[in-house]
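Presented sequentially are two complexes of chain A, the first with chain B as partner and the second with chain C.
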Partner chain A sequence: MIPLLVALPLLFAFLTLLLNAFRVRDGLRRALFVLGILSPWPIFAASISQLPVSTVVGGWERISGIEVALNDYNYYFVLGELIVFSLVGLYSVGYFGAERTAGHPERDFTSPYIFSLLLLLHGGILGAFVSSDLFNFYVYMELASLSSIVLVACSREPGSRRAAYRYLMLYLLSSFFFIFAIGIIYVKTGYLNLHLIQQNLVPSQEVHMAVALMAVSLMTKAGIFPLHFWLPGAHSKADTPVSAVLSGIVVKVPLYGMILLLSYLHLEFMKNPLLVIAFSSMFFGIAMALLQDDAKKLLAYHTVSQMGFVLLGVATLDVDAAIFYAFAHALFKSGLFLGVGVLVSAQNTKSLDLLSYRGDKMVMAAIIFLSLAIGGISPFIGAFCKQQLLSNLHGFGVYLFYMAGVGTLVSFIKLNYKVLQPTKEALSLPALEKIIAAALAALTLIFGIYFYPQLDHRDIILILLAVALFFALRHVGLFRRQIPRFFEPTVRDLGREINLYTGVYVLVNLAVLFQLLY
Partner chain B sequence: MIESITGGYLTSEVAGIILVLIGLYGLMTKSNLVKQVLAINVISTGVVLYFTKLGYVEGGTAPLIPSEVMVDPLPATLMLTALVIDVAITSFALALIMRMEGSP
Partner chain C sequence: MEVKMSPIVRKSAKLVSPFLVTYGAYLIVHGHINPGGGFQGGVILAVSVILLITSHGYTLIEKKFSITMVQVLESASLLSLILVAVSGLAAGFFFYNYLRGGVPGTLFSGGTVVWLNILIGFEVGAAFTLLFYVLLRGAESD
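Right, the complex of A and B next:
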C-alpha cells in the first residue's frame, strides 16, 4: 500500500507531461494535476488505522529489498506534507493560470511544466518521508530538491536564476558529501536499511565521522546558519505557491534525515555543536529578518530562524519536539507565504512599505493568526511546540529560548504594523487564494487546541514585551537601516559567492570533524 | 606498475578522496561558472571512484555467474543511480548558466 503513496503523484506527473505533448485542453490538464495532488490521501487514510506499517517493495527480504514505512517518526511529516501540498495545489491552479498568461499567452511556455514539476516534488518529498533506507532517502531527497530548484528557476522574478544556481551548487556539494558518508556507513555495517544498520552498528571514530558529515550536509540542505546562503534568495524569488512549499515542506526533508540519524544512528556525540548551531541559527535568522524590507525575504529569514528551533529539538535529543515543531512550522510558514503572496500579487510589490492588508478582513485575520502561531502564543500550535522544546532546556538555555521567541514576535509585529497602513485604492483579492490562506490559519488554531488546550498567561507578558521592544527599535531607527551589499548582482560576483560559500561549507565540516577528536 | 611507484598507498579509495579535494579546490578558487560545474563533476567522479573500490574484492569476478569470489554489486548499482542524477544536473546547470547571461 505505502509504495502507492509515492507512485501515484509520480504517475500523474508523467501523465500531465504527456497530455501537454498532445496539446490537450488546459482544463483537463489542471484537473489531472489536482487529482494527482490529492491522490495520496485515500492511501494515507487507509494506512493510518494500522500504524506502524512497513513493507519491503516487491516482497523481497529486508536484507535485499527497499523498505518503506509509516510510523511514529514520519506520520506527522506525511500528514503535514499532504495538508500543505493539497492547499498549495489548489492555490497554484488559480495562480499559474491568471498570473502567467496575463497579456502574454504566447510567452507562457513554463506553466505546463510547472504542474508536472510540482507533482514530481510531491512524489519526491513523500518518498523521502516514507523510506527506511539511507540510499533511497537520498534519491528521493535528490528528486525533491532538483524539482524545487527547477521551480525556482522558472520564476519570472529578476535574480531567480542566480538564486537557483546558488541553491543548485550548495545542494550538489552537500549531496556528494552525504553519499560519501553513506559509503562509510555501508563499509562499516554492510547495510543501507536503517533497522539493519542500527542492529549492526558498532560505534567507532569512522562511524562518528560519517554521521558528522551527513549532519553537516543535511544542515546545508535545510538552510541552517552558517550554511543558509542559498535559502533567502531561493525562497523569496520563487513564485508564491512554490515559496510556500519550499519553506513549508522541502526544508523538512533534510530535517527528517536528521531525525533518522538521531533515532537510528548515534547523534549524542554531536549534542554540543548542534546546540550552538541551533541557537545561532535562531538568532541570526531573527536579526536578518528585522532588517528586511522585502516581505518575502523577511519570511525566508524566519525560515532560517525556525529551522534552528527544529534543530534545537534534535540537539536536545527529543525526537517528538522536533517532529511537532516541523509539523507546526509547515502549517504556519506556508500559510504566511500564501497570505502575504495574495497581497504581493494583487499590489505587485514586495516592499513592506507599500503592501497593505487594510480593507480585507479575511487576509488580515489570517496573517495576524499566523503571526501569533509562529510567535508561539497559546492556543495556537506554536505554543504547544515551544512547551515541548522548553521542557528539555535548563538554565541559560531557557532565557535564550524566550529571547528568540520575543525576537520572532518583534519581527512579526513589524510585518503587521507595516502592512496595516491604509491603501490608496480598494483591494480586490481572489477569493480562492484568500480562503486557502485563511484555512491554514484556522488549521494552526485547530491543531493548537487539539494538542494543548490551555491558555498561558505568560504569553501576554511576552506580547507586551515584544511591542515595547518593537517601538524602542523603531525609535532607534533600526528598521530604516540598509544592509550593506557584499556582492553585486552580476554573473562574475555569483561565481565569487559560490567560492566563499564552498569555503564556509568546508570550514564547518572541518570544525565539526575536529570536534570529534576531543 | 603504478603500485610500484606509489608503494601501494595510492589505492582507488585514496585517489577518489584526492579527486574530491581537487574538485573542492576548484569550487573555492574559480569564479567562472562553467569551471564550477566542471569542479562539481570532478567531485562526483571522485565519489564514484571511491564507491567502486568499496565493492571490490581481490580477484573477484562480476556477480553474473555464481563463482567462488564475487565483487559486491551494490556500490556499483548505487553509483549507476548517482551517475544518472549527475548527468541530468550537469545539463540543467549548464542550461541555467546559458540563460543567466543578460536575462533575469
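Right, the complex of A and C next:
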C-alpha cells in the first residue's frame, strides 16, 4: 500500500507531461493535476488504522529491497505534507491560470511544465518521508529539491534565475558531502536500510565523522543560519504557491533526515554545536526579518528562524518536539505565504509600505490568526510546540527561548501594523485563494485546540512586551534602515557570492569535524 | 540561429550517424554481457541525432524527428519500462527476472534485463534529444 503513496503522484506527473506532448486541452490537464495531488489521501486514510506499517517494495527481503514505512516518526510529516499540498494544489490551479498564459503564449515554455513539476515535487517529498532507507531518502530528497529549483527558476520575478542558481549550487555541494557520508556508513556497516544500520552500527570516529558531515549537509538544505544563503532569495522570488510549498514542506525533508539521524544513528555527540547553531539561527532569522521591507522576504527569513526552533528540538534530543514543531510550521508558514500572496498578486507589489489588507476581513483574520500561531500564542498550535520545546530547556536557555518568541512576535506585529494601512482603491481578491488561506489559519487553531486545549495567561504579557518593543524599535528608526547590498546583480558577482558561500560551508564542516577530535 | 556547415561536414555527419546508431544498438543489446548498457547506448543514439542537428540545422532535422514524436517516444518507453518492472510482480517480486534461461554469457541469456536495457536506451536517447531540442528552441527565440 505505502509504495502507492509515492507512485500515484509520480504517475500523474508523468501523465500530465504526456498530455502535454499530445497538446491536450488545458482543462483536462488541470483535472489530472488535482487528481494527482489528492490521490495519496485514500491510501493514507487506509493505512493509518494499522500504524506502524512497513513494507519492502516489491516483496523482496529486507537486505536486498527498499523498505518504506509509515510510523510515529513520519506520520505527522506525511499528514502535514498532504494537507499543505492539497490546499496549495487547489490554489495553484487558479494561480497558474489565465494571468500567466496571457501575453505571450508562444514564448511561454514554462507554464505547461509547472503542473508536472509540482506533482514530481509532491511524489518526491512523500517518497523522502516514507523511506526508511538512507539511499532512497537521498534520491527522493534530490528529486524534490531539483523540481523545486526548476520551479523557482520558472518564476517571472526578476532575479529568480539567480536565486535558483544559488540554490542549485549550494544544494549540489551539500548533496556530494551527503552521499559521501552515506558511503562511509555503508562501508562501516554494510547496509543502507536504517533498521539494519542501527543493529550493526559500532560507534567509531569514522561513523561520527560521517554523521557530522550528513548533519551539516542537511542543515544546508534546511537553510539553517550559517548556511542559509540560498533560502531567502529562493523562497521570496518564487511564485506564491511554490513559496508556500518550499517554506512549508520542502525544508522539512532535510529536517526529517536529521530526525532519522537522531533516532537511528547517533547524534548525541553533536548536542552542543547543534544547540549553538539552533539558537543563532533563531536570532539571526528574526534580526534579518525585522530589517526587511519585502513581505515575502520577511517570511523567508522567518523560515530561517523557525528552522532553528525545529533544530532546537533535535539538539535537545526530543524527537517529538521537533516533529510537532515541523508540522505546526508547515501549516502556519504556508498559510502566511498564501495569505500574503493573495495581497501581493492583487496589489502587484511586495513592499510592506504599499500592501494592505484593510477592507477584506477574511484575509485580515487569516493573517492575524497565523501571526498569532507563529508567535506561539496559546489556543493556536504554536503554543503546544513551544511548550514541548521549553520542557527540555533549563537555565539560560529558557530566557533565550522566550526572547526568540518575543522577537518573532515583534516582527509579525510589524507585518500586521504595516499591512493595516488604509488602501486607496477597494480590494477585490479571488474568493478561492482567500478561502484556502483562511482554511490554513483555521487548521492551526483546530490542531492547537486538539493538542493543547488550554489558555496561558503569560501570553498576554508576551504580546504586551512585544508591542512595547515594536514601538520602541520604531521610535529608534530601525524599520527605516536600509540593508547595504554586498553583491551587484552581475554574473561576476554571482560567482563571487557562490565562492563565499562555499567557503562558509567548508568552514562550518571543518568546525564541526574539529569539534569531534576532542 | 541557423548554422549551415560546409558540405564536407554535412556529408561526413550523414555517413557517420548510421554507424553510431549501429554502435548504440550493439551496446544496448549486449548490455548484460559486455560493458555498456541501456544508458550508454542511449546516449550514443542521441548523439547520432544531435550530430545531424549540429551539421544540418535544427529546422531540417525537426521535420524528420518531430519534437512531439520524441516526447511520445520518451514517455512511452518510460511507461513500458514500468510495465515490465510491474509484470515481475506477477512472478513474485517487483523487477523480478522471470524470463531467465539460456547459456550464461551468450546474447540470449538476459531475460527481462535485455528488454529493460532496450527500453532504457530509447528513454535516454529520446530524453537527450528532447533536451537538445528544448535548449535550441530557447536559443532561437532570443
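In this section, the second predicted complex is superposed on the first by the 510 of 518 C-alpha atoms of A that agree within 3 Å, B and C clash if a C-alpha of one lies under 4 Å from a C-alpha of the other, contacts with A are read in each partner's own complex, and residues count from 1 in each chain.
As a convention for this text, a residue touches a chain if its C-beta (ideal position, glycine included) is under 8 Å from a C-beta of that chain, and two chains touch if they have at least 3 such contacts.
Predicted model only: the values in this text are computed from it and were never measured.
With chain A as the common reference, the superposed partners chain B and chain C fit together side by side.
By the document's definition of touching, of the two partners only chain C reaches A:Gly59; chain B does not.
With the two structures brought together on chain A, the opening angle seen from the C-alpha centre of chain A toward chain B and chain C is 40°, to the nearest 10. With both complexes superposed, B is the one of chain B and chain C in contact with more chain A residues. Once the two complexes are laid over each other on the shared chain, residue contacts for A:Tyr399 go to neither chain B nor chain C.
In the superposition on chain A, A:Tyr450 contacts neither chain B nor chain C. Within the superposed three-chain model, A:Phe487 lies out of touch with both chain B and chain C [touch as defined at top].
When the two complexes are overlaid on their common chain A, residue A:Leu18 makes contact with chain C while staying clear of chain B. Least inter-chain distance for chain B and chain C in the combined superposition, rounded to the nearest angstrom, is 7, based on C-alpha atoms.
On chain A, the surface touched by chain B in one complex and the surface touched by chain C in the other have no residue in common.
Only residues 68, 71-72, 75, 78-79, 88-89, 92-96, 134, 137-138, 141 of chain C touch chain A when the two sit together in their complex. Residue ranges of chain A in contact with chain C, taken from their complex: 14, 17-18, 20-23, 57-60, 107, 109. Within the complex formed with chain A, the residues of chain B that make contact are 20, 24, 27-33, 36, 40, 43-44, 47, 50-51, 54, 74-75, 78, 81-82, 85, 88-89, 92-93, 96-97, 99-101, 103-104. Per the touch definition, chain A reaches chain B in the complex via residues 135, 139, 142, 146, 149-150, 153, 156-162, 164-165, 168-169, 172-173, 176, 179-180, 183, 186-187, 192, 491-492, 494-496, 498-499, 502-503, 506.
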